[in-house]
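Each chain gets a letter, A, B, C and D, in the order it is written, and its residues are counted from 1.
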Amino acid sequence: MAGNTFGKIFQLSTYGESHGTAIGGIIDGCPAGLNLDLEKIQKELDRRRPGQSDITTQRSESDTVTFLSGIFEGKTTGTPIAFQIPNKDQISKDYSAIKDVYRPSHADFAYDAKYGHRDYRGGGRSSARETAVRVAAGAVAKQFLALSEIKIKAFVSCIAEAELSEGIENLDLSAPENEIRCPDPIVASQMRKLIEEARDSGDSLGGIITCIIENVPAGLGEPVFDKLHANLGKAMLSINAVKGFEIGSGFAAAKMRGSEHNDSFVKSGSKTITKTNYSGGVQGGISNGMNIVFRIAFKPVASIGKSQDTVNNKGEETNIKIEGRHDPCVVPRAVPIVEAMAALVIADHSLINRSTKV
Amino acid sequence: MAGNTFGKIFQLSTYGESHGTAIGGIIDGCPAGLNLDLEKIQKELDRRRPGQSDITTQRSESDTVTFLSGIFEGKTTGTPIAFQIPNKDQISKDYSAIKDVYRPSHADFAYDAKYGHRDYRGGGRSSARETAVRVAAGAVAKQFLALSEIKIKAFVSCIAEAELSEGIENLDLSAPENEIRCPDPIVASQMRKLIEEARDSGDSLGGIITCIIENVPAGLGEPVFDKLHANLGKAMLSINAVKGFEIGSGFAAAKMRGSEHNDSFVKSGSKTITKTNYSGGVQGGISNGMNIVFRIAFKPVASIGKSQDTVNNKGEETNIKIEGRHDPCVVPRAVPIVEAMAALVIADHSLINRSTKV
Amino acid sequence: MAGNTFGKIFQLSTYGESHGTAIGGIIDGCPAGLNLDLEKIQKELDRRRPGQSDITTQRSESDTVTFLSGIFEGKTTGTPIAFQIPNKDQISKDYSAIKDVYRPSHADFAYDAKYGHRDYRGGGRSSARETAVRVAAGAVAKQFLALSEIKIKAFVSCIAEAELSEGIENLDLSAPENEIRCPDPIVASQMRKLIEEARDSGDSLGGIITCIIENVPAGLGEPVFDKLHANLGKAMLSINAVKGFEIGSGFAAAKMRGSEHNDSFVKSGSKTITKTNYSGGVQGGISNGMNIVFRIAFKPVASIGKSQDTVNNKGEETNIKIEGRHDPCVVPRAVPIVEAMAALVIADHSLINRSTKV
Amino acid sequence: MAGNTFGKIFQLSTYGESHGTAIGGIIDGCPAGLNLDLEKIQKELDRRRPGQSDITTQRSESDTVTFLSGIFEGKTTGTPIAFQIPNKDQISKDYSAIKDVYRPSHADFAYDAKYGHRDYRGGGRSSARETAVRVAAGAVAKQFLALSEIKIKAFVSCIAEAELSEGIENLDLSAPENEIRCPDPIVASQMRKLIEEARDSGDSLGGIITCIIENVPAGLGEPVFDKLHANLGKAMLSINAVKGFEIGSGFAAAKMRGSEHNDSFVKSGSKTITKTNYSGGVQGGISNGMNIVFRIAFKPVASIGKSQDTVNNKGEETNIKIEGRHDPCVVPRAVPIVEAMAALVIADHSLINRSTKV
């Protein structure tokens, strides 16, 4: 009810505050008999972790994950897989500046309104630190999906004014990731420059991530409320700083005619495919076997170095200047989070789909 | 699991195919003691029903709702509220054209891939006829929310090239709805013209709906996976033909700086409000007391009068021309559906929120 | 949340009051492609219906079920199966006697305490009339289970002082049911006599039903909270008038030694079975392939013809004599309800089990 | 889906195997603002822990619980409360005897049938060690219930031939617990003698626990499938070794007349109570304000020192003698587990009940 669990069959429950003892989770419903490569899971966490380059926050968290249950002799047993990531960077610092003063566009004010009190250290439960747990769980889901050759690939397609102009089909998504996680090196260097400028001026930037899921069989997703793209949308909108989600044609569909937007079915060998993919791989809420393609908008990080007007918890007007080591742009680090949430959704729907026919 | 239920406490389960005996639903979890005005519920259905003007489909369905349980002496009893809408327009017509041939950008192909067989009459369960049930249930939710003065108002802000340019604050949303459901009469008449053109050329149009929710108290929504806007997003993306969702600044946030996007807190009398509302009324997944504002993109209707290339269920290439009485643009009729889904989400979170504190 | 839905994958949601327009339900999650024999479903309802013999209530309800969705060309489509049973016996009678006065050991007092007001006609939602919906849904589940040769058979093993002394293995459970639904004709006639005496003296009787499920494959049930017998127990305890549930050895286990109670594994051809079955077919919460055997205790019907002391809704002491046509003993009519709930549990766990292995 | 989560609002998810790194859980949905006394939680674990006297297993597990999240400045924050109990007693011993041979009346055979492979060390997930997590979570629930003066008290009422004959009303339940947890010292010493005999002969004993819940307000429980006693029954039947559950009159009701069994309402000061309590505090599935009283039957422990016939995982007949330090009777140690599960059910229904009225 309190929303710390995601999924129906392949289910993740998470816990943990930014500056508590640890964050972690339980994966319940991962089928038995899956050979788990724990190093691959750690590698996904390394893609997300702070301090990985000079354009991310300089907080140094190693984010080492430990598994506590549900794996025996290298294989999942079908029982809950619990895992944990200790909070190492708990510098005992002075929180008096944010204890009583609401940071603009952060969750502080809303938490106090909801709960009456809150763990204010580093944002507590509202901190994006929580997403490390999603990445670890998503890495398990990815290994389950790999059994069916399903591949998930996200990348940065826009940061502020720097935007990919190439169509997806012209990008080399198999090349090694650069630090920006934008597959076009020229656009990536423009993005890097914008991020450096923002960092140096104490400001922050938003952006867009595009995600492609390949080899999803036709038939995943449920017709009415649990449409595949509705659950993908919820998954993405639940990531910190996300303001929008679109699949296939997305908002551009509003200006199109049906005769232009409809995806004609054609034969490709023995397979039925569509000539175009404005549907984004989902029709009537159910995958049609084409690539699933969606885009997610991120707002600029709320923690900025400039002084801002605000109100404190006594209802008095004041101002705040947020100190500390913050990302000028979280979008590159959000790429593995997007992939993880996509993996959780597809894994869950794969299992739900096992009950479709007698 | 099969996704025909929405919500956790204020919960709607639906059933029914386009050309079966009836469609209907059960609302479970509506609190006892609510005086229900059944006429108001019927009026919401009338806003959605086909045949209401010459720019909608000419199918004449009266969509009369009957309540079967859960109401006694005019008040809800706390037990399930079942209701039903008979399918009147079941003309026994010839479905051979669509029985075996997959309509482009419809759910036909995906349903066959998923279930092995399907009720092909009028789209069966994938038909947007199912949304009438959502409207009825949403009308109950609206009456529950009215006890807290919460108001939900959606309107058409874009159809193809015709788009509202005015800021929301300059629109008169209290005026009676026109048939387009666009609050600016000049833009509405441009939209009408575009729809007439599409209708006459056998084509269809997409568009955008904007929705505003007023008087939501601060504190609704759950921090991690059940963020208020994540559940609103899922609700909207589950509506037929929706391709995108954005809240507050939405996709425009990708191009903004934090110093511009952050919503400063200020005092307004004894209340804490924000100077701007790029957050769209939700921060950290929790309502902050400001208006909740979001936008939803609809694709053009897939049923068009032009001949289209496609494939049949034997895997042979063929073509199809869809006969019948279809909407050239569903966006105006989707306005009450958007409001209904918003009402269901807010009602549900209002009840979930009752467990927040000891 | 309000508890009108049962099951996780094969899921039943129900509605309806004793004297409302109709009762009914939605089965969501029944796999597509099941050939449904609707006459068999009606026959199960006939086994439960009132007025079937002179030892049941003389209310004459035909309990005719109609299906509204989810079935096409005789087969389930995988979409929700809605069905409905009209309330025919709505004699507009005088309820003033029970409107304000709490019938002892009925739900009247508890409902008023919970909801503030209630539909007092015939018990409203608390009436056992609601179980007709369970029987209809259970009949669908039975047809799904029949694909795996799973058979469910319940019978009356005790009514007041008349009790089966034979071991289950000596009973002929394939013989046609008598009106008492006790497989030993001599004990059945003793039971009949006790029921007639109770009926004639305005009193009522309790009893016990035994249920056997054959051909359940090993592996159904989940280890910790959703143990197979825990869900069977919940299902049975949710039936009106049930006061106890035991599986296998049950309460007798309290007096046994481990060396006596342990079920040794032995070979039977290529199959591993147990020599005894004190486990009742479930070990560690998971079926082991043996017959599942459990027993359910029913209290005597609360509606009796004798005058009783009670209190009214103004808090004044008074007395009540319940008029009308009540069963002196519901146990024979409860047999199909027990089977239906068992079928729902086993069908649900069969589908849950599909996600166990990669 | 895999059944490692219990409750709807006050929700517990658990993980861990007997000989893994740790066991633990997440409580999600505990309201914010509860002052938690962590020592009281540890004390409940001490009541359950092995090695507490010479009639329990001599395994020495300290069962020290650590809290990782959800508590700040001594109060719950409304975010998930994660906690952990390390497995200290992981003697690296030889499991070859039980690796391939199925222990009679254990879960070994059923687990292999279900999952294909299993963590065989000490029973893995099927070990009753898992119940320590329930006790910790139940101790949190108890503190939440204490805000409403709700008290839960369980005790041993039968071990083999030694049985309490006194009515509940004559027992002094406020006296300090003895090691048997039977409130009658004479019967307790008979029970102790029977346990010593079983221990010395390598055998084991079953028994019965009675549980009383005081001060539950009228109105908890949901009418149809989530009847309060149905959920209590499921909770109890999910505890290892439980074979039966009965509430109020229980199985004895089968032999009673309605005129004897009905609980007349009477006035007691301004309160409405019942003269008798055969209902066990629940009517129509909803609490009526009287004490909730139920009984749970435990089978004798399956691990016994005697040689037993069985089959191995190659399907060959063999025999097994289970070595190690096992409880001859788990019933005394199960008392805090019963109380914990009862606390979880009542806490959950208390929160569910907050949505009952507008």
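The rule is short, and it goes like this: contacts are C-beta pairs under 8 Å (C-beta built on N, C-alpha and C of every residue); 3 or more make two chains touch, one makes a residue touch a chain.
Owing to the predicted nature of the structure, the values given are computational and were not obtained by experimental measurement.
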Reference subunit D; chain at largest CA-centroid distance: B
Listed chain pair A-D, A-C or C-D that repeats interface B-D [over half of contact pairs the same by residue number]: A-C
Interchain centroid distance [CA atoms averaged], subunit A/subunit C, Å: 46
Chain centre separation (subunit B, subunit C; CA means) in Å: 39
Length of the line joining the C-alpha centres of subunit A and subunit B, rounded to whole Å: 26
Residues within subunit A bordering two or more other chains: 1-2, 4-5, 8-9, 14, 29, 32-33, 78-79, 114-116, 125, 223, 355-357
Sites on subunit D touched by subunit B in the complex: 9, 29, 31-34, 76, 78-79, 144, 147, 223, 351, 354-358
Of subunit D, residues touching subunit A in the complex: 1-2, 4-5, 8-9, 11, 13-17, 20-24, 26, 28-29, 32-33, 66-70, 72-73, 75, 77-82, 84, 114-119, 124-125
Residues on subunit C engaged by subunit D in the complex (per definition of touch): 1-6, 8-9, 14, 102, 104-107, 109-111, 113-116, 125-126, 130, 158-161, 198, 203-208, 217-227, 229-231, 233-235, 237-238, 240, 243-251, 253-267, 270, 272, 274-275, 278-280, 282-289, 297-304, 306, 308-311, 315-317, 352-353, 355-357
